[in-house]
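Data first, discussion second: the structure below is written as structure tokens.
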Amino acid sequence: MQRNWFLGDLLDQLFDRPGKKRGKDDKRSISELCEALLSAEGEVSGFVLASTILDRYQTLDDTEKLDFFAYLNDQLELDADQLSETARRYAKDRSVDLFKRLSEAAEPRRQELLRRLNQPSGATQELVAMRVNLLRFLKSNPELRRTDIDFVHLLRSWFNRGFLVLKQISWDTPARVLDKIVAYEAVHQINDLDDLRRRLYPPDRRCFAFFHPSMPDEPLIFVEVALTAEIPNAIDVLLSQVREPIEPEQAKVAAFYSISNCQKGLTGISFGNLLIKQVVTELSRELPGLDTFVTLSPIPGMNRWVAGETGHPEHGHAAKAVLAGTASAQDVRAMAARYLLFAKREDGMPLDPVARFHLGNGAELHELHAEADLSQNGRSQSGGAMVNYLYDLKKTERHHEEFAAHATIEASRSVRAASTAALAARPEENTA
Amino acid sequence: MQRNWFLGDLLDQLFDRPGKKRGKDDKRSISELCEALLSAEGEVSGFVLASTILDRYQTLDDTEKLDFFAYLNDQLELDADQLSETARRYAKDRSVDLFKRLSEAAEPRRQELLRRLNQPSGATQELVAMRVNLLRFLKSNPELRRTDIDFVHLLRSWFNRGFLVLKQISWDTPARVLDKIVAYEAVHQINDLDDLRRRLYPPDRRCFAFFHPSMPDEPLIFVEVALTAEIPNAIDVLLSQVREPIEPEQAKVAAFYSISNCQKGLTGISFGNLLIKQVVTELSRELPGLDTFVTLSPIPGMNRWVAGETGHPEHGHAAKAVLAGTASAQDVRAMAARYLLFAKREDGMPLDPVARFHLGNGAELHELHAEADLSQNGRSQSGGAMVNYLYDLKKTERHHEEFAAHATIEASRSVRAASTAALAARPEENTA
Amino acid sequence: MQRNWFLGDLLDQLFDRPGKKRGKDDKRSISELCEALLSAEGEVSGFVLASTILDRYQTLDDTEKLDFFAYLNDQLELDADQLSETARRYAKDRSVDLFKRLSEAAEPRRQELLRRLNQPSGATQELVAMRVNLLRFLKSNPELRRTDIDFVHLLRSWFNRGFLVLKQISWDTPARVLDKIVAYEAVHQINDLDDLRRRLYPPDRRCFAFFHPSMPDEPLIFVEVALTAEIPNAIDVLLSQVREPIEPEQAKVAAFYSISNCQKGLTGISFGNLLIKQVVTELSRELPGLDTFVTLSPIPGMNRWVAGETGHPEHGHAAKAVLAGTASAQDVRAMAARYLLFAKREDGMPLDPVARFHLGNGAELHELHAEADLSQNGRSQSGGAMVNYLYDLKKTERHHEEFAAHATIEASRSVRAASTAALAARPEENTA
Amino acid sequence: MQRNWFLGDLLDQLFDRPGKKRGKDDKRSISELCEALLSAEGEVSGFVLASTILDRYQTLDDTEKLDFFAYLNDQLELDADQLSETARRYAKDRSVDLFKRLSEAAEPRRQELLRRLNQPSGATQELVAMRVNLLRFLKSNPELRRTDIDFVHLLRSWFNRGFLVLKQISWDTPARVLDKIVAYEAVHQINDLDDLRRRLYPPDRRCFAFFHPSMPDEPLIFVEVALTAEIPNAIDVLLSQVREPIEPEQAKVAAFYSISNCQKGLTGISFGNLLIKQVVTELSRELPGLDTFVTLSPIPGMNRWVAGETGHPEHGHAAKAVLAGTASAQDVRAMAARYLLFAKREDGMPLDPVARFHLGNGAELHELHAEADLSQNGRSQSGGAMVNYLYDLKKTERHHEEFAAHATIEASRSVRAASTAALAARPEENTA
């Protein structure tokens, strides 16, 4: 019970950065400051130097930021010749001493710089924000990707799953954090706090997020859950302003209807897989009456694929109808099933990114619904269709392995049947 | 209702490992489990696999643990030939693709294994404990130091200063944590909680520790502080059972009289420098009346050096007297001053490890006290002498740089004078 | 620092009422249940009985509630004859035994009932809500005021100032509590959370509330504060959507621009006096640069008084102009000054309720502003005028005593001058 | 940042009393200060006045304290004549106005004084401590019991069950609170924190306490619980230093082996009944495997009663043997059973206070154990016998009512049998 002695003031910690004036008087350039941080000076005054650099960075314009990243990319590089030579020698003599030198030679100096920058309170978040800038520059400066690889390397270590904290987001959460949920929702837009209230306040709604202790105001990823009596077949039912909530104890189904990654600066570092499973575990514990865990997911790539199928001998007509918004519910489901089951990337994996995510987590294709997302976005991306992925924790591991090894897609009989259902005849055939 | 937002349940998080039965039925060997964790299976079931491996590890005897570390050391090695070749190519063509492959080739697989192990709640602490075992094996299996280098690499990243939390330890701290303080005190032994009470309960005593959010019950390093009217000249004065506490507001001096590293598994990852400065900052804020921050430190290597000086033409006699416990206070101070100022390692740094630590932090030698630690340990290591190092935050950076660059030792006039004070004449001279 | 061990889970306490099913099967009437609660059964099963009664009460319609209050009022009365007789005997023989019987006889049984009802979690809040109902009935059932007197007696004891907790309300406060601030704001309306953000989010705004530990979601009273460079002279300046916030450290003035009582059920139990002083103390501690603590207050009764002054020989014309909205700023200030300084109740106290509150707290009339509240409400109640009351903690006690004893109003020279300023000449005089 | 909402800083609240200097310069006597607090001055400056009075009280010696209580008792009395007259009039005319005057006349002014004293932080605890002093004076000044009646009246209201918080006490509890557990343990002495560790640290031990939000460091009452496989038959088994703990999940029995009231100043305000039931509820929730809730209780009055039975025709010899410590286990149990079942007070209630407490709570006499408490105290009070009272929440209400109405004692067959077991023959008969 009373274990929060420790964490209560984790945030009142004493690392507070004294105002915004730190290091203002330091006349050195940002790269000189970085060299200082990497030198002996950095060992004693690293805290102040790191603060100064991070503050200085804030004041840079884009050109200067680009210079800064170029400095990281070029000046704080590893010495490849030395590394090659050390590795060559180590291949013959696996001595500890050589391994140590190899380890050191193998790491670009910018990694140590980033570690030393990560000292003041709030630094982690600023470094994540720094990577957002970096990602923006990558397109026109692809060589900076080398630096990005080092960012990712460190961030993966810092945001190791063992450090993440699952938190319920509710109407008891501080408004400051709720603002972030509004801002980061990526699937079904939230307009403002009063709109968010509908997703958090009713007793049959839940929301969970991962946080990192060093960024306590910043969710990393969150999932919104509806507790329902039946597997939901349309998003409007869940988001309706006029529905009557049910008692959580009476719910049979937990429906994950929105998952949003929050931190652009953590792109490439995946949390979603773990999040869903932890939430399934947590909800099972709280509400033993729950027996079904499904998503209600968009099919974002469907219509793009459908657009390429209009000439298809069998379902070309149905494809046109889907694009035109005139297809029957059965045909929409059929095209969705075909897309999810058979449309593949070159590597044999499903074309649909949401499908890849959930199937890769070991979920299975459970049911398809036409007219499930009638928003403009829903119509244009998938003709209004949505899909339930089912999470059965007893099977996810096996499913995942089949999927990873053979791209095998687990799908329910209903979905398979949809994919082979007879499609509406072509008009000209009708007139024949 | 509104639970303690964010941090309250950080520990109640859902990562709880379900009892101790997890993975008991998995028949695979620990190395097979490790391979599974590194494979695709690890991506989905990593949490369970990591738990299973950590639990399995707990059951290993020493021989099996050694096998496990040998597995890490040999089987999860990097491919030095490939690394050398990739580095060679990268030296010529600094492409992003090659850099990516270089980065991957440069990291032994055991690093990824350790990261994937660090998923369940408590895993960080178990990995730190694993390194305690590893360190024990190093003496007879020095080749394992390669694996240790990777442990250190990861631990330095995970225990990056930006993640540490400074906490005051007081009589309001949970007993579970206080037990650790009793156990980890390394300078002036604490017998039990009732003994600890004397160091925490009085209003003129403070204790601060660094913690890591993933190990909330485990201090990493702590420092004990006495608030006093004068710079203390003997440890007994501070630890006495019968002294009358002063009001904190009346204190002029904060005396750091004990610093203890707690985690053997974090050997080589230094926190002490930052701790003292943060505590100085914190105490200055709480008690603006404080104007002096000093240590009362042991001189652990003094008598070992003195023992080698008995034949010294000038202070050989004083050396003998110090060892015999018959030296005058002035001679003890003189020998201490000579030791601290002039006894050097080959690299020019002070022979005394405590001196290296504080001078390296930018402190200065402030005052020497004979008959300051009359415990058996105090007498045998330094003839009862102790030393105050002074922390003047305005000067620490400059002092540190001088010390790092030129091994320059800042010392007060009083200490310098002690080093040149006339020593007691030799007895034979007396009799002459 | 880490003192929240205790209070962290105060709300996770085990008194949770098990769903809403408690006592549903108990067939007794609510008055029978009350008798049971007051009997021996209540000693052992009081917790369950109290829950049952409180739940039953929730299901009552207004007629039944009135019956219930009539039951409290008539059946759970004291025995006045016995009380009179006991008091008579006690007057002659001040024995402990008689005093004990007197104490018991002097307390209506409904007080004990209310105490015994206050056992389950949330009961305090439900009893406060019960009084809201009771207050509603008082108008048509004035005899119930006897029961209300007992409610007040207990609530004054339970909400004793020593139990109240001052909390800052900020954007870090749970949305559930912020909803209450929106709902309870009584002076300058808040539309929704996004509107509230303007009063909480900027660094130069503060809000403080009193809470009771048993009603942690329910503010009792709150005050909104603007940190400003100058004493504010109009409400729009403070509530503007486009203003530029200042750094709190640069603020000289803390302006209390809204105070709202939240709990209708606590009518007659005053918290406001203490609140302002505590907030002054708290802000002084946080921001030593603050040197002036004032309100920016409405003058709610002004125009009602002005309407009675239209025939006044001297300021009748100005009164008409104020009511017509055509008065000059000087005349508005003059009428406001005359109202606040000279308009009295029969008991000699100021007619204006806000003036009575602040002057009763020991504040002084500091400055008057015309065109300070141009909302419809502001115009209609005070011709747009507002007033600053100044809190100088060194003087509040003396002021209060003078005010309480002699109804003396402390007012600045400026306010006094306003009251005697020449008023605009009458039009007919102009034409003369 | 987001501080622990609401409760985190309940204790950092702004009611802090400024050092110990408050009101030092106020030259008025404590009774003058009390009059001021009761006057208009008290309305505005009540906080400061209350602090001054409470501090002044601390400085009083016993004679002065007695004077202070005499002042409360005599000067702050009610006017019995006026009360009698008002009650007489009210008996005839039940007007609200008369009721109001009656309510006011019925309350001695000291009650209002105590309420007004209860404003500064810590005041509640100081008033509880004040009552400890008062209780001490009662013996030689029985007339002060009138004042004590008013203390009790207010304390019952302030410590209303709805305000109490159940907290688990564990090794994660702050040492400051654990010190109190050591000090307040009243049944089986605890020597120090290391001794307490044996009762809190093992996984099969629990401790729960009631707290009041205004006294967060001060338990009001606590109960120690052992989780066991069998109903325990001796205290040493539970307190042994060498026992092997069991997994809590394997426990069948929760044995309450010590209940201690902590606050002498709350004498007469009972919490024990509720505590046990709440703990039963809480433990049932945490550990569904528990099916038996019993005490292991002392029989404190047994030997005192036995001493009066030595001449009894049937069990006089057994009584002598019990007192001499030579009785067989069967005879000890027999005498214990007879004592608990048949020894009564004048009012028909059991002579044994612990029996009255548990039977009054609706527990039943379950089993008797000879040689169960072999401490000196155990031997001298009950010949080493102890008793299990069984709490079956389904029956406690019915049992309680039977007990309250008819003094009916529920006892198991085994206890009944013990009471009628044949006693050892008298020695002289043996020799016959």
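By written order: A, B, C and D. Residues from 1 in each chain.
Heads up, the rule we're going with is that a contact is a pair of C-beta atoms (placed from the backbone, for glycine too) under 8 Å apart; a residue touches a chain by one contact, two chains touch by 3 or more.
This structure is a prediction, so every number in the text was calculated from the model and none was measured.
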Subject >> subunit B to subunit D, fewest steps along touching chains >> reply: 1
Original post:
If you average the Cα atoms per chain, which one ends up farthest from subunit B?
Top reply: C
**OP:** Averaged over CA atoms, how far is the centre of subunit A from the centre of subunit D? Could you give it in whole Å?
**Re:** 56
Subject >> Between subunit A and subunit B, centroid-to-centroid distance (C-alpha), Å >> reply: 38
Original post:
Got the subunit C residues that touch at least 2 other chains?
Top reply: 1-6, 8-9, 11-12, 172-174, 176-177, 216
Subject >> Partner subunit D, residues of subunit C touching it in the complex >> reply: 2-11, 13-15, 40-41, 43-47, 77, 80-81, 83-85, 87-88, 90-91, 94, 96, 99-100, 102-103, 106-107, 115, 118-121, 123-124, 142-143, 145-146, 149-150, 153-154, 156-158, 160-163, 165-167, 172-174, 177, 211, 213-214, 216, 273-274, 277-278, 281-282, 360-362, 396-397, 400-401, 404-405
**OP:** Could you pull out which subunit A residues touch subunit C in their complex?
**Re:** 1-2, 4-6, 8-9, 12, 171-176, 178-179, 192-194, 197, 200
